[in-house]
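Presented sequentially are two complexes of chain A, the first with chain B as partner and the second with chain C.
And then the complex of A and B:
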């Protein structure tokens, strides 16, 4: 991609960011929080995509990092009186440490075994959060002191989303990203070319853990209450995977498009089909995975509506 | 066996010994272990009922391992199928007045057809695709099953009062009758399926497909038909597991996920795709779980953690599990 195209994309992102920055003043409380959660899912899907899309290691337990971030924020704010913005950094650091400790052994596994191990790790983290009463208050959960926070959390999430997009974009276009793709296509060949696969995988995994942790922290502060089942919810991982897949796994724009589309669709069915929305959601997962494994971007490329280069 | 293979087996064995010893160590420290005759009788009861439960776990894990072994598909809805079996049995019991064991005559063929339909409509397309596709398709399908069950049966916990009496083995050791019946049924069904796979022509074709689908195809085996039968069999085993679970424990539409993860842990411990491995894994996991729930404080949550920790450790120490299954 040329320099001009990079510049164009940067300007585009700036315009979108500016638009979103002015948006909340005209919105109702409901729409503002809808926008916030949409941005959160963009962050989650993009981060998941770094390890699972670029590198090809399907993480089925990424919610663990989101939950760690949420708990870091809740514990420090509610029990120790920290300013909440500072706790996001602590959450990110905790998630990074967890990612290195977990990733170092688990990233040796391939394909379905990595996916299952991550699923087990995430469920295990949930159980630890439930059992470790002294730190997490166990199954009772943690409530925050009540505050007016809808603007602060909105801007925090917006900033986080912009940073995540820039990082994902830079990774996608750097030598680092190309090496991750090489690992995805053929790990043995990549190693034969002198790529230290273990190091690169670990770096990608850690990077993909940091942003969900911050998103989890912001989310916790937004809803002012967390408990283990809600922040270690398996379906959050599924949403990350599904959104990336819907848009186009392994691209930068794909997960963004997927997150916006899917979250909007989810909200609409929730409002309009209160009894059956979860059934509809399940069916939707099945249909997307079954008929569109390469996502909308793959669909567009196949029909010549998009160039391969544009997607990345 | 190669040397590295032997070594990883010994490491795994040592790890398992430690895993079984750990509940005792923690138990001694937190004062839940007492060196009295009464406590040992209690321990025996718990381990015995663990073994009995393990037979049932092993049976539905076999269903998962069959599907995985033949098609390399992880059925993330396996626990939901166990849950479906429990509800089918419940309906038979309360509306048709059928004995839970007799109702299997009715529910297993239904489950077999259900599995074939599932294979035909959804899974044929995802065989050979990246693992994420199969995981998402089956997970999404599991969600549909959960919420359909909630619509029909609500989220209330259900139980089936069947053979609740206890059998006195000695003065202090007693086990409940339904556990024993479940175990006997599970062993009979697992043995039956094992003999079917070992001896019948169709069973051999299934094993050949699991070994190498392309070569099987070249030998004139209709691989798609084998896939249909395998999924039918796998779902039928899950539903049978559900029937046997339903007479021991309460269930609601959301109990499935725990069974899914247990079955994952079992097939990984035993060696994925390995039939006998799944049976051994089922017994071992259930016994470990019963030790954990007996001696570790906060036991019920810790039981889950034990399964996950065991699964991840086995994957790391010896990905082929006890049976040392090699990647094909």
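And then the complex of A and C:
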């Protein structure tokens, strides 16, 4: 891709960012919060995509990092009186440490074994949050001091989303990203070409953990109450994966498109058909897996609407 | 860079590897001369590919030594051996199928050069193997012969000193093969060392200066093609004795 195209994409992102910055003033509280959650899912899907789309290690436990970030924020704000923005950095750091400690053993596993290990790890984190009363207040959860923060959290999420998009874009178009793809395609061959797979996987995994942690912190401050089942909710992981797959995992634009489409669809069906949205979700998985195994972006590439590969 | 006569780049000493009860490589010893094209041959199951895997760190030897420029490679991982200047191709190509030809080339590490230089080198090598028109195509969409050329070109990204080719002639047509052999000779002229595992005897006999013959995990003969063709042990290994029924 030429410098000109990168510049064009950066300008495009700037325009979208600016538009979103002016948006909330004209919106109802409901729509503002809808926009915030859409942006949050963009962050989650893009992050999941770094380890699972680019690198091919399908994680079914990414909600663990989201929950760690939410708890870091809640504990520090509610119990220690920290300014909430500062807690996002602590959450990100805690998630990074957890990712390295967890990734070192589990990234040796492949395919379904890795997926299941991550599912177990997320459940394990939830259990720890439930039983470690002294730190997390256990099953009772943590309430924040009540404040009006819909604007502050909106802008924080917007900033986080823009940063995540830029990072995903840079990774996707770099030789680092190409090497992650190589690991996904054939790890043994990648190592025979000089790629230290362990280090690359760990880096990708850690990178994919920090943004969900910050999203978790912002979301916690937005809803002002968290407990283990709500922030270690397995459906959040499934949503990240589905959004990424729908849009086209292994691309940058795919997870963004997937998150916006799926979250909007979910919100519409949820409002009108309270339980049916789960059925719709299930059908969606089947249809995407059956007819668009490489997502909307794969569909577009096969028809010549988009170029193959990330580097041209 | 004309190598001194008799100079050795890679030395294998008493190399051993067993899989369960099968001694795939059972005390193999040979020395690859620098700056030449050498061949490693032997009947099916004689331990050639296992030897390649031991040389490149894909498998760990049970015993023996692999000395590259006098340095023992034992215990090094594949990516570490690669960075010492040894690259390989695989018997069945292992290109990255859902990555473009250009991305396959750029995935290689250890170049120690900035992006534009790496890219220029990738483009140059893609042209070298005549895949320029396919640079934006997925690796998996290439014909098998083209995949072999891509894998070969990819192995040259770092300008390695020792190139191990596992059955380069298998599954590709004569025209592509001639091209590939031309590329191999071009490398040798630039001072590179090539070691080829191959079943196609015309490739081995016409293009290698030195041949090592393996059978049952050990080297049974070594020499220039004319000598190997007359060697009774080699003839026995391929046609005689134990394999008479095949």
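Please note the rule applied: the second predicted complex is superposed on the first by the 307 of 312 C-alpha atoms of A that agree within 3 Å, B and C clash if a C-alpha of one lies under 4 Å from a C-alpha of the other, contacts with A are read in each partner's own complex, and residues count from 1 in each chain.
Going forward, a residue touches a chain if its C-beta (ideal position, glycine included) is under 8 Å from a C-beta of that chain, and two chains touch if they have at least 3 such contacts.
Bear in mind the structure is a predicted one, so any value in this text is a computation, not a measurement.
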Query: So if we stack both complexes on chain A, do chain B and chain C clash, or do they fit?
result: fit
Message: Going by the contact rule set out at the top, does A:120 touch chain B (first), chain C (second), both, or neither?
response: first
Message: If we overlay the two complexes on their shared chain A, which of chain B and chain C does A:153 touch? Say first, second, both or neither.
response: neither
Message: So in the superposed three-chain picture, is A:219 touching just chain B, just chain C, both, or none of them (first/second/both/neither)?
response: neither
Partner touching more residues of chain A, whether chain B or chain C: B
Message: Contacts for A:131 in the overlay, against chain B (first) and chain C (second): which applies, first, second, both or neither?
response: first
Task: Using the superposition on chain A described above, determine whether A:178 touches chain B (first), chain C (second), both, or neither.
output: second
- prompt: Which holds for A:164: it touches chain B only (first), chain C only (second), both, or neither?
  reply: neither
Message: According to the stated criteria, A:191 is in contact with first (chain B), second (chain C), both, or neither; which is it?
response: second
Task: After the superposition, just quote the angle formed at chain A by chain B and chain C, using C-alpha centres and rounding to the nearest 10°.
output: 80
- prompt: Quick one: smallest Cα-Cα gap between chain B and chain C in the superposed arrangement, Å?
  reply: 6
- prompt: For chain C, which residues count as touching chain A in their complex?
  reply: 56, 58, 77-79, 82-83, 87-88, 90, 94-100, 102-104, 106-110, 115, 118, 136-138, 154-155, 157-158
- line: In their shared complex, chain B is touched by residues of chain A numbered 52, 58, 60, 105-106, 108-109, 111-113, 115-117, 119-121, 123-124, 127-128, 130-131, 234-235, 238, 241-242, 245, 249, 275-276, 278-279, 281-286, 288-290, 293
Statement: Per the touch rule above, chain A residues touching chain C in the complex are 175, 178-179, 181-182, 184-186, 188-197, 250, 307-312
Query: Hey, which residues of chain B end up touching chain A in the complex?
result: 72, 74, 122, 125-126, 129-133, 135-137, 139-148, 151, 257, 261, 264-265, 268, 298, 301-302, 304-305, 307-309, 311-312, 315-316, 319
